[in-house]
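Letters A, B, C and D mark the chains in the order given here, with residues in each chain numbered from 1 onward.
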């Protein structure tokens, strides 16, 4: 108990869950040509526990219990650094695509634990503890459905013409609650064991019906998952070396009168806890985000250096300038991520990453990501958009022509491999996917700026300014 | 004569040309599911001449001869503005994708005319004039093969281990020349009538074999076109409203001992003319480029405004800031393009756009294009990467769910239409295609900077500085 | 009549006006060591009319009347271009410092003329016409007091604890009005003949007392001018080659129960006209602004090129990159300024520069000006802040040491002259003065963005986006 | 012994040193109206040791020896953090102006120690150790003369027409060497005890004469200090609250046949050691730089927040956006500085800050500093350049007028104090001084980029890219 194999994880997904892909119901997720790829990508998380090199990071021992290190509650900076390293390792094994089937779920559990403890919510806490122990013991995979569909963004939940624009309690029963509404951008839902539902914004008086947190098994009746096909396609791994083998699936996650028994409801009818949870969750989740962005940034830097050499331009002044910027950008994000862990703070015995620093890391990542894409495209050249197909490369007739004419300072096979990697990362669907994630996932740039504004402690700066202005004594 | 219908143009493409797509020879371009789309996109150029609203721009009358306005030799600023407007109109009709089957070819003819006249090359000029008259009379579609495959970018043509890295003369015969080598990024080659070949860089002593310009019919023996499949796919026009109906195809353009009769050789063995042609061509071609970028920029601005309204965020301060930047960016490019025409200069009776201003327009476009993509993605939201497929939308079962939950301040059908347009423009393959073009097509950003550095007239600025420093009298 | 000499202008300033400098009343402005420099700088405007090379731009003939071209009412694009060129010429003669004693005043007169005519205010118009004819006939110098001191920026005029935070009518009498309050940032007030007072913001119901426009002679009783000494100092023209000889003075302009006869009141008690005037004034005044910024930009570009040569770094790649950016920045502002004139619009027979384009030019100027300063400082080197004083240079003992050790690729005298010019433009008080003006003068960057947002015509862009999204037919 | 009082330090400067200011020889530095201010500013360093709150950072105890903590050789990350905090504290006490009379000198001693030890230069090491012990024991103040005047930057030392463009050995004698030439930008030279001379660039074969390091007392015969008067002026502390009381002086530092006895020569005739010293020195000195920039950044952030409140604009969206950026910028520099210490490396038992991270911190600081200035100027408003003089404020007649009209949301005295602080920091001479330092001091931006390019370890990034491209196994 406590650790499952990848196969056990995959077998656990056969539970009649209601999943739709391209308009059709998917009978068994793992057997679907697209969703199966995504599930097996997620399964890398379980393989890490079996890998002798990764085990130290991936597995935690407490007494004689062994369990996934994601379920370890961080107690200090070192624990947070280990968590960050594990996320980075998993994403690196996932070829720059985060695994996320435990990362985000444990972010949610940690946040709920802090909020409930902070508010002395003993009943909620004991339900959460039971849920947590079960997840840990059975090594469960978790999704978090947070972002509501939101309807008109200029209106609050209770002001929307259709009350279902935010997931809400439609009925309270002696044995539990019934919820309806929909969440969007829910990652990995089709291939996890449990879906944790959190509020996505601050709530106020009048928003009680929309103010709850709970968890349900993915196969729960009335829970419907409508998959996005954004990264569709498993052929041509010549031009798509990553996304033919690594996928993540997001769903529109519809709750159609879903029943949730009380022991799975962590709180409800509490705008105060809802607001606190929304904020506290991102304190963990943005740290997860900056941790999992690091391999993507490394891949861009590494591919940029490689293609500069492959093209024979690595000694040009402007190329060095671009590579220096690229490295400086990536390493600033890495440095601030590390610092967010080192500067951690404590609440209720739980270490959490420094809020301002975490948001600063994410903001640094997000506001220059498109410039990084541009820079690598610039180094790579126009073949990104005009290069040959895998079928061309695989043709016995065409290959010699392509090998002759597509060489640079490196032979064509090596140069094309790097170019196609860059194509995926910057120009094709996977690049677009990561670009949108950079702006919107784990909170938009605007959200990060607001968080920075709120979290900034101005006392040292204002104190100095007032003293220099002669308005305050030291 | 002088004007063909779209159908005449398309029928003219059945000539046994040697075209490959995804590893296979294409028997008839217009019947190919992908290339046919591209050819019909290009045919819009011919339809404009038939369209009562477009005719004034698209058709030129000289005496009682009517011909495509692209073949009109510009004599003043007004002619250049008309040319720019025609390019913009065609691209707008092409849904932001340039048509290019006459734009680039006439850029090349104008450049060759200036260079040959400047150098009193009467033989070359008379060959060019004959070729030009034939193109104009038969309303031919033209591609320009300029960029060589280049091999190791740190080496000149004559230094490359394989001499074919730049197209070259391998034999001179009494009746013509034989050429070998390959060009890359050649746009529209599979569906034009003639391919004009120009040198791609400055040449010097020792580079004679690589220093020539000529034209051949696309069906010429030994000319092989290997298509890129980058924009492949004609299904799902829900998520790809542009690129399922509008495509441009680039080729690796291989010359395998192609014979070119002397009357089609405009010059050869002349590094001086080669260098001059490479530079003069881009003086026209970058003006074409900035003209055809305008609808793309308008589409980004318009889609940005529309999605802000559709999401209900158009009154937020940061949204107004972003829309203002976006409009300012697009209108700066438009304004500088207009100015490049208004400030035109004359050579040999030909008006050409102001070199510094044209490059400044292109540089302004190119260095902020990725920021524009980022801005529109930011306004649109995460659904760009997590939204439903066309098959979902078309499913009778799913549609009501999607209509309920994907509405914003606008109903779901309108909101999703704008979102999917933005998806194409910024996040999916078409967006990646345009992003790479922004950096590399018609000269890279670095090339534009070099052109600006060379074209800048420092006399006013230095004169003022020296006078202010007391080092020079007025 | 119609044209005064510089001396006539200067003599006209002896009228007992109430001017304070560094805490003391200034008896005669032209005899003051600092204000006299500023007055003589302004007098360059009058000298231009006497200069054979400038006369064509500076003097306008109507019938047999000759008058300052600033008083010419622009009727088409050409007139606006001439106005722009005259402003540029005057500023160039003023060593990058605008003269402004007619520029801003005629901006105000043109704006009032449009607003009053638009609203059929015949009485106001005839008063304005009389005032205008008088100014033109006597070749008067004008200041415009627009920006109120404003108090708490989060409050409207009528909400301020002290009603004098915006200039207001405190009494209406049969023969005129009595006004109190203060304006700030009023340029050139101490050495002009007339002060025109305009509202500085949109006004609404309740703001009647603050809603008027009028003009008074500078020597009017109760009008008090408190000069800023920001550019103080006339010694050491070695390190301050510009500002020892060229100054502009801004005042805190206090109205202490100033009486204004009705024939000098263009309107009062009219929030609607006040709002319209505030907006219409900047339509002209921002065009003036971008016109007068051009010599400053040229000086930065020219000095940048010169110091790169003087230091021997002009062949370095990063230096060329910086010079190219600098030239591109300056020329974009120049190009958009030209375009604002070429795209002019007409109201009541008056040509005014294209509003969106003018604001775009100003926005382009303002948002990169500090980067331009940084770039030139970067090229110049640390001597900007560690170089010798004029007294060092003038010392017979020290000069040989400085000449030996401060040479670069140019001899020390030439290199130091360029360095000191750059010091003035970027690092010393004059540089700081221009930097603050770049952000705040003639409307802040935020004001320009708002103006762009309002003036942008979205129809073409939205029309295209909606058509591409399939939501609108062509 | 080991710690001097401020007075002892100041008295020690009376040694006949040859100092020039504004063309005249200065008899006693501490009695000079300008240089005395600078010397007393430097003396803050000595006061810190007497201050009970600062003593822990400022004083180091080893056995029963007490000495300035600057002379503590760092052995781990904690020592480097303490050094950084001490530099920050001193600069904060110096009102954002670094003290630098021990910071830079100990940077030099640490660098020499590493280079000599690395190269087993036992003689050099023992001379250095003796010099170090003397400095530490007598609590000496040190300047470092590194940057040569350099002449034509495109030529190496030995290629310059005048060999004195880099300081060089003109004669070797049995008892020592004789040196000539000049250094520039030498900070604090007039008021330190010793001047350490280091090479400023990499040297090669043929550059032996320019390849040495040594130290001389400031009063040494033939050593002449020509002061820059850039921050001249001690009056009007209303508008110049910092620079009237805090100054740093840079000199042109001329060596006119200066004799240096062998025991003060750390090496000579060794291009290899010269190159290594130039590089190793900046590894420490850039860490000093980013440490001392922190109070300046805090002052900008604090003043930005204060003026937003004082003007009543702190709730505007664009103001929050600007303050967030400002805080994010400052804190990124701070975070990377901290990280540079935490990631320290060891050589010869000496801890030195992580090279890449240090340069990244400095690069981050330098490339956005002008944007920070712009941002604070933007928040402050035009009064920065048009506000009243101290003499106005101090006038009994004018004060009430100014108090009435210059108030914002805060009363005028508080608002003007903040505005004038901002004026100093961003717009007046002190702002220009700091702006030039940001670009050029402790290595230019280009130098930092080169250092980053060299120090970046690409193995992780390239390894990942190659693995993803299928070109390398894990």
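The definition used in the following text is that contacts are C-beta pairs under 8 Å (C-beta built on N, C-alpha and C of every residue); 3 or more make two chains touch, one makes a residue touch a chain.
These numbers come from a predicted model, not from an experiment.
Give me the set of chains touching subunit A intersected with the set touching subunit D.
B, C
Count the residue numbers both subunit C and subunit D use at their shared interface, divide by all numbers used there, and answer same if that is over half, different if under half.
same
So how far apart, in whole Å, are subunit B and subunit D when each is placed at the average of its C-alpha atoms?
Each chain reduced to its C-alpha mean, subunit B and subunit D end up 52 Å apart.
Quick one: subunit A and subunit B, Cα centre-to-centre, how many Å?
Result: the chain centres lie 38 Å from each other.
By residue number and range, which residues of subunit C touch two or more other chains?
In subunit C, residues 318, 321 touch at least two other chains, as defined above.
Where on subunit D does subunit C make contact in their complex?
Spelled out, the residues of subunit D in touch with subunit C are 20-24, 147, 149-155, 162, 164-165, 182, 184-185, 224, 226, 228-230, 232, 250, 252, 254, 311-313, 315, 318, 369-371, 373-374, 377-378, 381-389, 391-392, 394-395, 397-398, 401-402, 404-409, 423, 426-429, 431-433, 435-437, 439-441, 444-446.
In the complex, go through subunit B and note every residue touching subunit C.
Counting only subunit B, the residues touching subunit C are 92, 95-96, 241-242, 295, 298-299, 301-303, 305-306, 320-321, 323-324, 327-328, 330-332, 335-336, 338-339, 342, 356-357, 360, 363-364, 414, 417-418, 420-421, 449, 452-453, 456, 458, 460-466, 468-471.
List the residues on subunit D that touch subunit B in their complex, please.
It is residues 316-318, 321 of subunit D that touch subunit B.
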